[in-house]
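Heads up, there are several structures right after this.
You will see two complexes here that share chain A, one where it goes with chain B and one where it goes with chain C.
The block that comes next holds the complex of A and B.
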């Protein structure tokens, strides 16, 4: 879900491509995945002139489906939504104390978190430029609060570097920047870059490197107050007679390069991870819940689609109620917007042409696991002064996400204990949920030894075992995108598809919103044209 | 107030030093100012064994004075606090609708902000490592919420570059980083740095520069999806059939260097500005107000100190009630903690030795102006998608601070329209408050043209005209610190000083807290020793 999922699964994919095609292909592939970008949402959609009595059947009450239902209903269409789950939201979902969740294979977990504590198994943050989802949150009166992506006091951790000791983000960032500045200043002063930097710019560049990299008067990056004012001090300044600060000693460039911890530096620089980021107060699921309340009886829950059939006059969908699966039910409409995730849709008989059919089968879904851990106290705040943000590690748990709410509160707290991708995700998917939690605790205690004493309970969601998506989000390769993307999005007769998988913002709710608006805009124009003909 | 104030006034000071002493002295001076650093606060102070009946008179109900009053009272001392203002908090202060404020010279402003809107004329943010002030906020049950320092979508603005058009922070940061990476990669590949970078590290460095700087396969920083995924796209990716992104074009290094906008890049890297930062819900003044409620009748308000006298037996303070200034009043105690800002204390007769006396006169105070502007709508959010954080400009207004609360709300909003230092502050100090507001509007409209149409009302606080501080915070030069700091902090007989001016964290509330705790710890030990003797 979202960029880090994107980033790592992208890495896997790139590794596969890289094996046969070398780095040029790899870079092109990277360009093609398009997993992180601003929404082109430009304000409420205009669907004036809906034909009298025209109906749309929407499959899936996730963000894409409910965006469509909301707008089509407002435009005067007759709308019905079929949803497999007993709740609205789809991957927009918060697991709270008392909630139960049954995954494929039948294992049921009951979340035992305290009141007001939750984990978002799916999306957990919204960047400032995702104006589509932000605008629906506002219209649905879902309050938003800041989400810290980068926390300078959280850790970058390599199990094979620095004796396994986690390093503070601020130290690695300050030191990498300092060393880069020192090296570039050296090259500049040796006139090694005379062809690339004009004489006029040379002095300005040096001035900027000194300030940006906290270099000393000889353009060296050494222990200093200026450097410690980035990376932190050995002894911090204070007040009164015991106040004098003592600077800290930078980490050497070799150690930073060797540890690969530099990889964690630019996370907050990427477009989808830049400040300002937000989360709904009370959990991401608040958006899906508010959408569900808004749409009310338009959504039929516990409805499992078994067949989608269109002809000249309309679309017929067969489904069953999951509580009475032997009784075949039918819904009909003039048009159908299908937001069912592709791994599931690929298994449902649907009479669309070969182009859309091939496209549906062309997109593998990311495996991802999220594990929520409740602890008896917020030790990351109390002991380590980490308030929100994320620790990155090369252990299979990948992320430790600190809660961006309830700061400084006493009592229990819930961490995102793991956000796992790739091969590790496969391994974790094969475990039972309690085994996953146990393994995550073992890994996490390498970073936070308090885990052992403070653990209370946990839940684990493996997206490949999710019965309503069978995966986390669609992963488009450059090739697949070139061959199949337009076919996936083009209306086939009376059926259009939407969801994050039908977007260039894969794995983000904004992809769901913008693909939905694009699809219903086209469906609407077709309906209007047909209405005029009729 | 805080780091930016510190930073710019430091720059002024450095400029003065630099004129005569060159850059070596300048760097040493920079080291000596110590304006940004972690607190050495290590948990609640232990003041066991207070002598029976011992009393302490505290001058000033700001953060330093109230920290002392709270701890000394809890330890069993008899405590009285004299405060010049009619409220607690000192520079910890929020101006809200209906509040009035009279500055030196008699000009009274009435704040006309809407309900729940405010401006913090003094401190406005608390970094995660300021554990002293954070701990008092928690003990006083003041809720804290995140403060965005850096906003990638806010602006860096130079009135003489890019045709005066503000640049998005993300663009300048991504491009500077990209160009630096490209140049260093070039030097590395030309073997210009062989003496500085080992053969083993060379490839690792290149790999890191490519990822960190979004370089292409030839190690060039060019227009690309990877680069646009930092600086933003020309056309943003979306969903459906109109979704393909178009990359943007980087700004050239020459233009960035020439504009000096690179200066704004590392603001969020400095220790006091790193995530996580917080602000009290409802305004910084909530801390001072909560302290005041907690101390209740221990604080005597409207009390202007006119003389401080000590002898072998105790301390006698003369003061007047500001509503009846002709009646001399007297307070006595065994000990005195004086937190009166130095520009005012320097004018009050006090019989301390020449060492403390000289120290009191050795510290100039920063001039600073803050201007709060209420607008009819939050156009920075609605039109420009700037949610919190700060825009930096070379115009005299220096900062535009966007509110870090009430995100996405409809209706009016209050900006920090200016945070002015140095020579510009002098000029603005000389104006009437309405003139200041008018000038700030004129400058600000160069960045936000909406100012003209949307302006509602404003307030302006010039700290050099503040009757209770006559300045914003103490500015220690390296020389003054070496000569006078210990003398300022050392107890003189029965009198100790405290406040941000008696700390290495000048301009920050943490300096006030830690200097206060350091001072009362020493006063307590002296009181215990004397109590034992008596």
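The block that comes next holds the complex of A and C.
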């Protein structure tokens, strides 16, 4: 539709469908055009006409809270942000050398990484279509660099297949594809698919299967140059007298199926993981830090909210400074945007109606842990030629994430040694931080034996022990969402909630940005309707 | 007889090691876990060693000396259904994937309820059985 000379632009077409057939039909049409699934972010929010002197109190200096503070301030509102931590960012956070982190239970870790090395305990990648968070990174002049979701030379690993030896992603992918293509070609040629494939399509299908699976002239998947060009050679082509390549041998279909490593093939195919993805240069926390600098004194740190009360004149929030918890402090505003994670908010007295109140208590938070490991050298690059990307394993560590930056540098390097969910995450959370690091080292050394010799130090963040979230992110069940989601997002009097928990992009920063913009848009309209001091 | 005893010991040690390890790789290991093991592998992540609880921006309730534990029903219903950010552990095994939580059987819930009510200085004498947990409302059941 973007082609020149097209009689109707896509936007025009959608507008006409919207006018003539209603929004449901327009949504269907958008879906067909692949638009509806995109982030609802549509560029900078327009908050014109803020009532003179109107004020908004924002609870939480994470991505949702700071997005709101930035926009509302720019729109002319008087803004104050209360933040529990001593830093901005919330889950947008990087742990760097010299940082200390005390988790619930009092376990304190000091990160001993070298200069410029870091781990992102929270979000670590931004898909290209998360245009909200990307636009704030741009506006705040946070430099971005590529994040590699898929690395064909990283591993897929099963502790019970191939003798526990990790397999290169490219080998598993090429062989799975090759064998499936061969089978499908065989079925086609034996006329087994005649009911589903017309005579006309039959030859086209066969041709495509040969190309897709690197099949030979007999439609067989065998050792070949074409196959090796996908899965890698036994001996790579080179120059001069040592030039002649030696093709590699495919792994058999049975072994591929039996290993279950095919499960790891589509990790880069989901919409959230498709190329291109980005990460801030220097760590994800650079976004939260830049937001914090931008907002400056609007954020009051070390502030623990103890009560939220609204009446017909405004909102009053009681809080304490975490360094002097006996002194009661108070903040007031006309309106309140609360981004406090639900497990904490559920424990704070707040006079909202039963609908919002039930919604706040209806969302369990995911258990997740991340472990950063510093090694004395970048052996994954030097020994195994893995530059960025992720290895997937059936071991409890689930992932090994290689740094997508600092390639070929000498000196130390930091891996994401584990990124764990579910039962395993609960079990790792229950350990002390040094135990977690120790177990992650033991598991990881099954994939990279260099771990034992090269390990330097590590940090482990278990999200249920995070004092400022008490969990990783809201895990909505379909049932809970049907019952409570709209009530969670609806403004109650003078209070609106925002954060990834108030979005359909749970656990992603884009959910925080878009829920925040949606909520402040509605708060703004209400404020405009009621005037400065309603 | 002596040899059989030694053999059994060896088997049970191997079994213990396997159970400990498999608890980290699948729900298979969890399935055979009792109250103390469930507490130390799961509950303690939030409620802390010795049921100490914790305080940050919010809090995890202290279980040691917690007056609410006088009611076994309260404890069992909380474990079954979760509370605030705490996940439900009583969902049917085939429904835990959606919220990435964990299924505990009624017998395991009874066991862990008995464990917390008789540990960390708590001395509630009444033990409950799986059938008593089974009689309580479970999440995820239409």
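Following the convention adopted for this analysis, the second predicted complex is superposed on the first by the 493 of 534 C-alpha atoms of A that agree within 3 Å, B and C clash if a C-alpha of one lies under 4 Å from a C-alpha of the other, contacts with A are read in each partner's own complex, and residues count from 1 in each chain.
The working rule: contacts are C-beta pairs under 8 Å (C-beta built on N, C-alpha and C of every residue); 3 or more make two chains touch, one makes a residue touch a chain.
Model, not experiment: these values are computed from the prediction.
In the superposition on chain A, A:468 contacts chain C only, with no contact to chain B. Touch criterion not met for A:288: it reaches neither chain B nor chain C.
Chain A is touched at more residues by one of its partners, and among chain B and chain C that partner is B. By the touch criterion defined above, A:90 lies against neither chain B nor chain C after alignment on the C-alpha atoms of chain A.
Look at A:347: by the touch rule set out above, it reaches chain C but stays clear of chain B.
By the document's definition of touching, of the two partners only chain C reaches A:426; chain B does not. When both complexes are overlaid on chain A, the residue A:413 reaches neither chain B nor chain C. Common to the chain B and chain C interfaces on chain A is no residue.
Residues of chain B touching chain A in their complex: 23-24, 27, 30-31, 34, 36-41, 128-129, 131, 134, 137-138, 144-146, 148, 150-153, 170, 173-174, 176-177, 180-181, 183-184, 186-188, 190, 192-193, 196-198, 201, 204-205, 208-209, 211-212, 216-217, 224-226, 228-230, 232-233, 235-245, 253-254, 257-258, 262-263, 265-266, 269-272, 274-276, 278, 385-389, 404, 407-408, 486, 489-490, 498, 500, 502-505, 510-519, 522. Remark: chain C residues 23-25, 27, 30, 40-46, 48-49, 52, 54-60, 82-88, 98-102 touch chain A in the complex.
Here chain A touches chain C in the complex through residues 84, 104-106, 159, 304-305, 340-344, 346-348, 360-361, 363-367, 394-396, 421-424, 426-427, 429-430, 439, 462, 464-471, 475-478, going by the rule given at the top.
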